């Protein structure tokens, strides 16, 4: 009434005016290119393909280390259909030494991708994970935003870097699977050698 | 809250000549519905709204459904005053092509106004008695009804680099027919590699 | 030394002019002053835009422009280059001649007002006897420019904005004049130099500014309200209310013409604040007698910038009124208060010295303010409300 | 409640067409000024258009035009699995993605009869109320912005929203497109550290509400602009399906959190504020008061939350094939009743997927409220409806 509401408001804005010089609570701006906030561990931007370099002598040999076996579940589940996979004709040994298909072509169109993480959730092989890199603008709208499998492949170490807790859990799970698989392989190998031996005999 | 059987009995007692059929819903939600004959729907709706016991004064949701043999409009009713619901009523058209009229319930519940317009727009059900039946989401002059299951998307959507298979073929064909030029970067080279 | 500082611009002008033959000296002196004004105020405008943007930003807990130059202070240069190089679009159906003339007319009339403003001791371009009258005559003609802009654009939003602007500016012209008349009544002169001189006295070290009298304070408040409306500043920025009219009367202006509108608006703000300073805040006189050694023009410009700051502050806080409320406010509140203030000023004049006139005048004005305000709020059924809860 | 009963009694013998907007006669001679406000008008919250006919500055006719952001969300959902629609629901009302997730998850859970673990319910309530708080704060900010306050309240609201979005990001990985809920729980669990940070943010929220009140509540200009403007009668509000704060501002006591008690809302102690005038000021104040009630709920939920699983281990994420049937699930989203209606034919994709968008249906009465008012009030009334075009056009 009678202008005191206006004066109250003016006092409030004055408080904020001076407050913004003294209180970090009020002035929350982060001046982006110079200042950055570290991304949260849960942050997700676009997917990438994990490869295990540890298990291979090369270390940088992304192609043979890819965990992806081209099962195409993510392609089917992807809501905006931004993943395109072509299955290989031949098979290669995977990290566990089993013969698997591999993706002859694995494209993600990040101009279509909506960072929903569903591909990560549905992947049974822990092969696709979310990156935290977000500065991906290019001048080429068509080619530059269509990432092929070489651009998508990132090492497991990188995965550990950006999502440490999650990656550790994944590693433990894979290791457990590996032990199980090895046990199985051993059994089958033994059976095989026995069979071979049997055949030889 | 009354069961659908009770409501059916109430309707039949109150509205002479009303044809009501119970449509059971086998899902765990247990929201069974009442199918009304279009001729009596307006009278039944008025009864449902004004009846002292039911007082379904709030029409929450109107949905169009495209069944293989007919189109359907589903109405979810609640009562703001008695705080119960939902009562689901539905109406079916005779077929999907030429006899697609249903009575509009907008005179009873104003909230049907935009939703029935939307169904008219996307499904092509003609609501007779609607005060302002125009397309809602598509533009005027648009042909066809996009939510129908046999709707075929036009080929002239914006080109996306990951288009593949038949989508890519259609996009390429459209691009060539429209501009005489193939789509840049997708002339088939990458596919070959 | 103090005098030299105080009169530095006057001396500089005399010195420069003295190089010319005597017959040309008057004309050259005027030209020089005009040039000074025409350079100074756009420069001040540039500075103010930065201050406004930074101030508003701080009010809103942001940083504001800080990329161009140190602390973003070269921002207006970038803005200027941008508006100069932008395409000048004239709508096809617009009246091209009027469309072109409108911003020019606005800027010219706005600058004319500075002719009679005393910006320091002896620093006035033309010391007209009827300076105040001349000022208001010039100020009123800027309405024409605004209407020309809105009309010639052939845009519905522009037209609505222009109609609003004209209605608003004409309505507030009346309280603006009436609130200034009290000063003329007391001073007995229309000359702005004389008005300042009349305020340049001190009692116990405190100045005799008119704002420190009941009628002067009321007059100043009314004047401030009227100027805000007259310059189309928030909360009276309806003619360009961007939330409903896109940009009001200058919707169809781009490039440098738009910049001219922008310039005109700000320079009008300076000039009308300068007039308010002259009328109520003692013009170039110092706020305390022991500060009289500070050059007079510094005081004038500090007071000017202070009022600009208040403009910015209000803009950062207040939402805008509606057209009919704005008119109601002008005719049913500000105008009666102004008229009453005229009577109070007369009373003040004839009651002679003494404490009684202070009490009587303040009481009348305060009662009228509360009565009118409450009456208006009640008539429109406005007020705080209480709410019920359902469990 | 007395008001409600009386309105229902009136309703029965209303004349035909009582719920249609009343025609307004122009006062001036001559042509009407036809203005197309939008789709690129500064205050239409995106790409909304109103065909307005003005007599002077008085609105004689107003027809909303939709569809500029139409992407046929429902059709997309019918072409993909139940799970794949979840991230799309984020994009309906992109100011409050959490509640969209919740409504969809609730509908699917009803369809398949899925139970949700208690901790997940608590997390849903916490996130949902945070969403409500930030939605109301920014919608008030937008409203005052449309009144011409150079965005100051909006920036304050965004300052606060920032803190809430930071919490969302830390938990879900994204600030707005959270994609957080699943059928039978939530995607990830909240760490104790997250809950502590949330408690800290919630402790600061009421201070912000006080600041907002200080800035706006008693401002005379705001009162003059909003009181008595855009009045919506309760009987029309109910009949036109208006929900959310807008309905309660008209004095109708209908909050789905209370009525349905979905999730675990009946465990919390909170009140439903009601307005008596149904004008823009009431809508603004109801939002303010609901923000304070949200803080109450948040405090209770953050106190009571217990450790436990956030996902039903039996819940199926991929390859969900509900039995044939249908379900309508609804929640009290910040903007009103958000419902999802799903029909399953037993396949992996929904046969019919329908969103009941509160933003669109609340706009039904826009014309009724706007006829006869000044054009400046149109943007105000429109702002007080609080819509998001992503949800209106879907």
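The chains carry the letters A, B, C and D, assigned in the order they are written, with residues numbered from 1 in each.
The rule is short, and it goes like this: contacts are C-beta pairs under 8 Å (C-beta built on N, C-alpha and C of every residue); 3 or more make two chains touch, one makes a residue touch a chain.
Remember, it's a predicted structure, so these values are computed and weren't measured experimentally.
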Need the most distant chain from subunit A, centre defined as the mean of C-alpha atoms.
C
Selected interface, A-C versus C-D, where C-beta contact pairs are more numerous
C-D
Cα centroid separation between subunit A and subunit B, in whole Å?
40
Taking each chain's centre as the mean of its CA atoms, how far is subunit C from subunit D in angstrom?
43
Calculate how many whole Å lie between the centre of subunit B and the centre of subunit C, each centre taken as the average of the chain's C-alpha atoms.
60
Residues of subunit D that touch two or more other chains: which are they?
152, 156, 159, 215, 217-223
Among the residues of subunit B, pick out those that touch two or more other chains and give their numbers.
none
Residues within subunit A bordering two or more other chains
1-3, 6, 9, 12-13, 16, 26, 28
Per the touch rule, the subunit C residues reaching subunit A in their complex are 55, 58-63, 66, 313-314, 316-318, 369-370, 373-374, 377, 383-384
Per the contact definition, I'd like the list of subunit D residues that touch subunit C in the complex.
33-35, 41-43, 54, 57, 144-152, 155-156, 159, 215, 217-225, 227-228, 253, 255, 258, 271-277, 281-282, 285-286, 289, 374-379
Under the definition above, what is the set of subunit D residues touching subunit A in their complex?
76, 80-81, 83-88, 90-91, 152, 156, 159, 162, 169-174, 177, 179, 187-188, 211, 214-223, 317-318
Help me check something: in the complex, which residues belonging to subunit B touch subunit D?
25-29, 31, 49-50, 55, 57-61, 63, 65-66, 74, 76, 80-81, 83, 86, 88, 107, 109-115, 122, 131, 135-139, 146-147
Could you list, by residue number, the parts of subunit A that touch subunit C in their complex?
1-3, 6, 9-10, 12-14, 16-17, 19-21, 26-29, 31
